[in-house]
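Each of the next two complexes has subunit A plus one more chain, namely subunit B in the first and subunit C in the second.
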Partner chain A sequence: MTSKGTRTTALTVELRPFPKPVATMPSSRGVRLLFWCVLGLLVGIPWTTGATTTSAPSAAAMATTDPELERIAAEQHNCLRCHAMPTLAYRSPTDGEIVDLSIDRNALAHSAHAELSCVECHHRSYTRYPHPRRAAPRDFDCLGCHRDDADPRFAWDHIETEFAHSVHARSEAPNAEGFSCQSCHHPHRFRTTQIGDPLTWIVQEHNQVCLSCHTQLISAASASHDWLPNRAAHWDAVRCVDCHTPADDHANHRILAAEDSPRDCVGCHSADARLLARLYHFRSEEDIARTGLIAKAIYNESYVVGMSRSPLLDRLSLAILVLVVLMLTAHGVGRYLVHREHKRSS
Partner chain B sequence: MNAVAHALLHSRLIRRLAIAVAILLFVLLAFYKFVYPVVFDAYIGKSNAPLTYESSQPLTPAQFDALAEELSQEARRTAAEAIVSETDNAFARLVKVEMLMNTPSFIREHEPTHLKYFREAGILQYEGPKTCLQCHATIQVQHHDGRLSRVDTLDDLVNSVHFKLQSDTGSGFSTVGYDGRLVNAEGSRPIPVGKINRACGIPGSFSWTGWAALIESRPEAAHGEIELRSEGCGQCHIGGNYQPASEKMMPIGDVPDVAKEGIDCLICHSGEYDMNQRYVIQDRVGLRWNQDRSLRAALTVGRVTTRNCLNCHQHNMGGDAYLHNEAAQALGDRHRRLLHSGAKRGNPFSPEDDVHAAAGLQCTDCHVPEGHKIPRGRMGVDLVANDLPDVEVSCVMCHTMAPHNRSEHRALLNGHLDRLACETCHITELQDQNVVLRDWVHPTWDAEEGIFTPTDVYRSGEVNKGFTFMWFNGNGTFLANALGNHPDGSDEYDPLMQQLAKIDDPEVIAAVRDKAIELQATYPDIDVDAYVRAATDPLSQLTPEQLAQRRAMIDENLREHMNEGTSKIYPFKLFNAMMYEDLGNQGPFGAMILPFDYKSYYETGDAAASVKQAIQDPIVQRMYQTPFKLYMMDEFMAYFGVADGWQTNYPLVEGELRGVEPRWMRQMGSLMVNHGIQPQGRDCIECHAPNGILDYRALGYSEERAAELEDLDIVTNLQPN
Partner chain C sequence: MTAHYLYPAWLRLWHWANAVLFVLLIASGVSMHFAGPDWLIPFATARVIHNTTGILLTIGWIGFIVANARTSNGHHYRLHFRGLITQLVAQTHYYLIGIFRREPHPFHVSETMKFNVLQQLTYLSVMYALMPLLIISGWAFLYSVYLPETVFGIGSVWIVAMTHVVVSYLLALFLLVHLYIITTGETVFANLRAMITGWHRDTTPGHDSPQPPRETP
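For the complex of A and B:
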C-alpha cells in the first residue's frame, strides 16, 4: 500500500467488517450455524443488525480541505484543459487510424487513479505543451507504483507469473503484440470493483474491456459460445473472466484460452458454485454490508446459486429451527428439573 | 354464387347505381383535369401558354455535321493538350496532340457522348424536355441508404425544390415557429413553405411579384437613351414560365404540361450553356426568362458540373459583383441582366477563394444527388425547402473527426471540433460587398446603371461586422435566426435579444450614421439619430408590451429548441432590411413585409408607389382574402409569432397604403456560410485573447471560463516572440 493509487482500495479493505471473504469460510457450517443461532438468541442481537459500511466513494476522499489533494486537482485541471476535449485526437501517419487522446473527466474522477497527479505517471516532461514527441522510457510504468503492493490481491509477483501464462502473453497473433497492463486496465478509467456495485454493472464494465478488442464476438453472425444454452442471458449475467481464468481467491491474471476454459454447467449450477468465488464474491460482500454479518453467515450458500433466494423461506426455516432448539432446550430443562426433583424426593 | 348475390348483380337498380358512380367519377376527373387548372390560374391571376424559344432552331444535316465536328475537335483538343502539357518542345506537343486527337480510343473517350446519340436518333433540333425525355423517360436513382429505384424523370424533376421552390409539405424543415412548434411537423396542418412564398428583405420582393421584369434604365454612358434591362427571381429558376409553380402550393393539381415544357434542362446539364441567352423576353402572354436551347448546348450535355451549379448559385454565394463570377460576365445578348452589387452571403465557391474548388471538387461530390433531388444537409437556419432532409452534407463525411494533419498542434486543433464548426476557423472573411443593412425605403440613384437601387447602408465582409459567431444545433426560427445554446444549457446566451438584435460595434454605428447623413441629402425627412437607432437597435421599434411578449416567447417557446441536440459555434452572416410592413399583421418578431415591384422601383425610385404596384398582383390580393387566410396565412402567422391569426385588411385602400409603415425587421437574420473555405484556419490568438473575435460571455460562458479561455498560457507560449 505504498502508492496513492490504491488508496481507495485500501480504505475499502480497512472498513471491511470481516477480514476474509465469506466464500472461504470453513466447512463445519452446521456446528457454527447452531452456535451462532444460540449465541444470537442468548445475547439478543437481531439477525439483521450489521455493519452499515459501504464502499468509500473516491469523491469523498477528494475533499478540498487537503492541500495535497488541492494541488493534485489543480494539476489535473491543467492537463484536462486540453485532454478533456472529447475530440482531442489525431490520425496516425503510419496507419491512418484515429488516435484518441481525450480523457473523460468524469471517468477519471471515479477511477482508481483519481487522486494521482497526471505527472506521477506521465513524467515531468509532460508538464509543458508542446509535449515530447516520444514517451520517455520510464513513462507509463505501472510497476513503479504497483511492484511492492502489500495487498496479496495486487501482489506483482503473482500477477506477473499469471500474466506470463495468460493467452494474451503467449499468443502469437499479430494483434496480441504489445499487450500490456493498459490493454485492459485503461489507466484513466479503470476502477477496482467496489463492494456494493450492482452485479449487472460489474458484468457490463468488465466484459466491455474484453469486447473492446474481441469485437467479432458481438456480431450477430458470431457462432462463438453457441454451446451455451441462452447465450445472451449468460453474457449479461456472467463476466468473461469468470470462466476464462482459473478459480482463485483473487482476480487471477492468467486469462485462459477457449480450450482451457471450463464448459461444465455444474461448475456454476451447483451448491459449491464456481461463481461464488468470483463474481458472486461481490454479492456476498455486499450482502454482508447490507444485511449484516450474522444474517449473511446464516443465509449465505443456503441455496444453489441461480435458484430463488426467498427471504420468507429463510425466516420461516430459521424460525422452525429456533423453535426446535427452544423446544429441545425446554425439554432438556424439563427433563433436568424432573430429574432433580425426582432425585431430591428420593 | 348464392341466389341472393345473383339476384343483386342482376338487379336493374345496382346497374343504374354503378353507371351513376362511373359518370360521377368521370365528371370529377374531367373537372380536375380540365376545369380546375383553368379556374385556379384565373383565381391567382396567372397564365400558361405554349412556350417557344428563338434559340431552338432546326439544323440541316450538313450544319449538324459541322457543329458536331467542331464540338468533337474542341473536346478532344482540350483533353489532348492536358495530357501532353508536360512535353517541353512546342512542336512535339503539337504533333502529339494531333496524333492523340485522331486515335480511335481517344475519340471514343473524349468526344461528347451525345454527338453519336443525336446523330443516330436523327435529332436536328433541341426542343426542350421532350427531346431529352425521348431517351431519358425514366432514370435509375441510387439513394443514400443504398436503395436503387427507377423514377419518371419529368415527375422527379417537377417535384424537386429546383422546380417547385418548396418541399413536399410535411417534411424537410428544421424551422421552429416563434410559437414553439416545428414547422410542418407531423400532426400539424402542413402549409406550403419554401422560396416560393418566403418574404425576404434581400430580394425585396416575392417570387410572384418579382419573377421577371424589363426595366427601362437610363445609364449615364448612354446619354439619356433608354436601355432595357432584365431583372427578377426567374433568372435563377429552371422553370421557364411566366410565374413560379404556384399550382404546386395546393394539395391537389399539377403544373400544366405546357409549363413543364419550359423546364430548362440544359442550364444544369450542358457543358456549353450560354448565359447570354438568359434574359427577359416579352410575348403576347407576358414576361418570362429566355433560355439557351441551341443544339450546341444540347450536344454537350452530361452530368452536372460545378460550372452548371454556379450559373445560378454564385449569385447567392460570391455575389454578382464577385470578380470570379463567370455567369455575371455573360449578362445577356439583349436586355442585359442587372447585377446586384450587394452580396447575399459573400462566401464564393471558386478555385481562387475556396480550397475545395481549387482541388477540383464538384458540388455534387458533397451534395450527392438522388435523381433530381439534391441534399442541402440536415442543418438549415433559413426557411428553405429541403428535398432530402435526412441526408447529411458535412465536412466530417470526408475529413473525419480528426481533420488536421499538418500542424504540430494537430491534436489540439482537432480537440476544437467538439465545440467549433470547421467554418468558424476556416472562413476568415466574407467578400467586401456582403450586405448587412439594406434600406429599400430610401433608394439611391445608380448613375452608371441608370436605375434606382436599394441603399446598402452597411456592407462588410469582416468578422463581427459582416458576420458573427453563434451556437447552432441545426434549428432555425421562422425568420432565419440560428438556434442553439451553450452546452451547459444556461439562459445566458440570448441571441434574439443580443447578438441578432443589437449592433454595438462603434465603427459600424459610425458607418451607418455617415450613410444616414448622406441619405438625408436626398430625403430631408430622415432624422439621423432615429435612423441610426432603428437600424442598429431594431428592438427600439417595439413597445414595452411587445418586448415583454417577445421575452416570454423566447423563454417559453424557443429555449427548448435551442437546447436540443448538439450545438457548436458557427459563423453566421448577418442581415437586416428596412421595408414597408403591414402593421396590421405584426408580432414581437416582425410584421408581414410587403413586396416591391421591380420595374417601378428601379425606374422611378418611388418606393411607396412600387409597393402599391406590387400588392395589386392578384396573388397578393388573394392572400388578403378568406380562402388563403384559412388555407395557409393563419398558420403562417402562428409560426410568425402572431397569435390572433391573419388579418385580411387589404393594405391598399383607394390608392393609398393603410396601416403600412417602413420598419427594420426586429432582429437580424442569420445565414449559414459554408463555402469560401480557406486551407489555413484562424490563428489561436484570434480567439484566445482578451477582446478576441469570440465574445465568450455573450456566448454563455461563465466569467471564470471566459477569463480562462481568453488567457491560455499554451497559446501565449506558442506565439512567435
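For the complex of A and C:
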C-alpha cells in the first residue's frame, strides 16, 4: 500500500506480532555485533542458500517485466541477502534480549508491502555496515504514507484518534510501552483480508496477533473468559476484536479493556448482531461473490447459533398462529352462542 | 353414567411434565429467537432453561416411546386404514358444522380406542414425526460445532436452525389447537379433569355402557 493509492483493500489484517521496531545497530559494540552477524551468517547460509538463489525477491517482480518493479526487486534482494536468513539476530546491549533481524522472504512477497523498496520505510542509508544506529526521522511512519490514501474505506485520521484512545495506547503497563501500528500490523507480513478468505482462517490469524502477546490466555488453566458459554467454540469462531472494539462499520482501532468490552449474549445472538456488521460481513460478501444474491437472501441473518432468524418464515408462522387463534376463538364463540340459544329454548 | 380409566398414572405424569416443559421451552425459545426486547427472558438465562428443558423433554419422549411399546397405550396409536376416509370426513364435518347443530359425536371413546381419527393422526404426527425432528435438531444445535460446515452445499447449521424453528412453530400450532379441543368434551372441563384423575366419565344418555363421550384431549 502506498500513498499513490495502489492496491488498498479493506480492513486491517494482521499476521504476526512485530517485535519492537529495531532499525539501527549499536556501532559502539561493533565487535560483538560483528560476532553475532558472522555467527548468523554461518548458521543461516546453509539453510537459506537454496532459497536465496531460487526464489525471487518479490512475487510481483517475478511476474512482471516492469522496470520499476525490477528495480524494487533488486533493492529488496540486496537487503534480503542478509535479512532473509532466519538466524540473523543480535543481542540488545540495553536489555540483553535477542533482536530478530530476519525477514520471511515469502511472507514479504505476499504482503501488502511486497511492491515497496525497503528504503521506502527504512530511510537511512544502508551502504555502510553496521547500519546507522538511529532511525531516520520518517522511519516506520505508517501514516506518513497512508494518511493521504485515496481509498475512502480508510479513514486514517479516525484510525489515529481511535488508536490514541485504545487500551494499548493508554496503558501504563511496561510491556505496552512503545505500542505502535507495527505492534499488530507486521509491515513485512501484513496483508489485507480478501473476500473469499476462509472465515476460520481470518479468525485464527487475527486472534493469533492478540494471543502472541496475551499468552496467558492460551493456558488451559486460564480462567479468563470463563463466563463465556462454550469458550473454545467462541474462540474458534469469533475474533477477539469483535468484542474488544466498539461496534462499528469499519475495523475500529480503539481496542477496549476487558472491563469495557461487552458481555451480553444478545449483542451477537440477535437480529442486529454486531457480528453481522463485522466478521460475518466478510462471509456475507464472500457468499455474494460465490453464490449470488439469492443464496445471500436465504442465508440472511442465520449465521450465529441461536439466531435462526428468517424474517419471512417468522412473519408467515406468526400470521398462521394468529389466524388459528382467531378461528378457534370464533369457533368457541359460535359454540357458546349455540349453547345459550339451546338453553334459552329449553 | 360410565367411566373408563384411560390415563394411567405414568401417562398423566408424563403428560403434565411435558406440558410444563413445553411452556418453558416456548418461553425460552421465543426469548432466544427474538432476543433483544426487555420483556423477554435474558438470553443467557433462556439458553440455560432451553437446554435443560430440552434435555428433559428428550428423556420424557424416550420414556413415552418405550412405555407405548411396552404397554397397551401403544395400540391407541395404531392406525386402521379401513374406513379411515369416512371417519375423517365425519369427524371434520362434526367439528365444522355438527358441533353447532348439537349433533351427536361421530366417535365414542372406549378403552380399545380413545382417539378419534383426527386426534389419532395428529398425535401420531406430533409424537412420531415432529417430536423426533425437534429433538434431533435441538441436539444438533447443542453440538453444532461438530457438524460439517455444509450438507449438500447448504450450511448445516442453517438446515438445523430452520428445521428446529419450523417444527417449533408447528408444535406451537398443535398446542393451540390441543388447548381448544380439550374444551369440546361433554363439558368444557370434562377432558381436563380426565387427564388429572385418569377417569373419563360419560353421562351421555343412551351410552350407559362403554359409550362415553367421543372427545379426549
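Assume the second predicted complex is superposed on the first by the 230 of 346 C-alpha atoms of A that agree within 3 Å, B and C clash if a C-alpha of one lies under 4 Å from a C-alpha of the other, contacts with A are read in each partner's own complex, and residues count from 1 in each chain.
Here is the rule we go by: a residue touches a chain if its C-beta (ideal position, glycine included) is under 8 Å from a C-beta of that chain, and two chains touch if they have at least 3 such contacts.
What you are looking at is a predicted structure, and each value in this text was computed from that prediction instead of being measured.
Asks: For A:130, select first, second, both or neither according to whether it touches subunit B, subunit C, the two together, or no partner.
Replies: Only subunit B; A:130 stays clear of subunit C.
Asks: Touching A:101, do we find subunit B (first), subunit C (second), both, or neither?
Replies: first
Asks: Quick one: classify A:317 as touching subunit B (first), subunit C (second), both or neither.
Replies: So A:317 only meets subunit C here.
Asks: Compare subunit B and subunit C by how many residues of subunit A each one touches, and report the one with more.
Replies: With both complexes superposed on chain A, more residues of subunit A are touched by C.
Asks: Does subunit B (first) or subunit C (second) touch A:85, or do both, or does neither?
Replies: First partner only, subunit B.
Asks: Which partner does A:330 reach: the first (subunit B), the second (subunit C), both, or neither?
Replies: A:330 sits against neither subunit B nor subunit C.
Asks: Any idea which subunit A residues touch subunit C in the complex?
Replies: Residues of subunit A touching subunit C: 229-230, 233, 236, 264-266, 269-272, 298-299, 302-303, 305-310, 313-314, 317, 320-321, 324-325, 328, 331-332, 334-335, 338, 342.
Asks: Which part of subunit C faces subunit A closely enough to touch in the complex?
Replies: 32-36, 42-44, 47, 95, 99-102, 141, 144-145, 155, 157-158, 161-162, 164-166, 169, 172-173, 176-177, 180, 183-184
Asks: Please name which positions on subunit B make contact with subunit A in the complex.
Replies: Listed in rising order, the residues of subunit B that touch subunit A are 400-402, 404-405, 408-412, 414-419, 708, 712, 714, 717.
Asks: Where on subunit A is subunit B touching in the complex?
Replies: 81-82, 85-91, 93, 98, 101-102, 128-130
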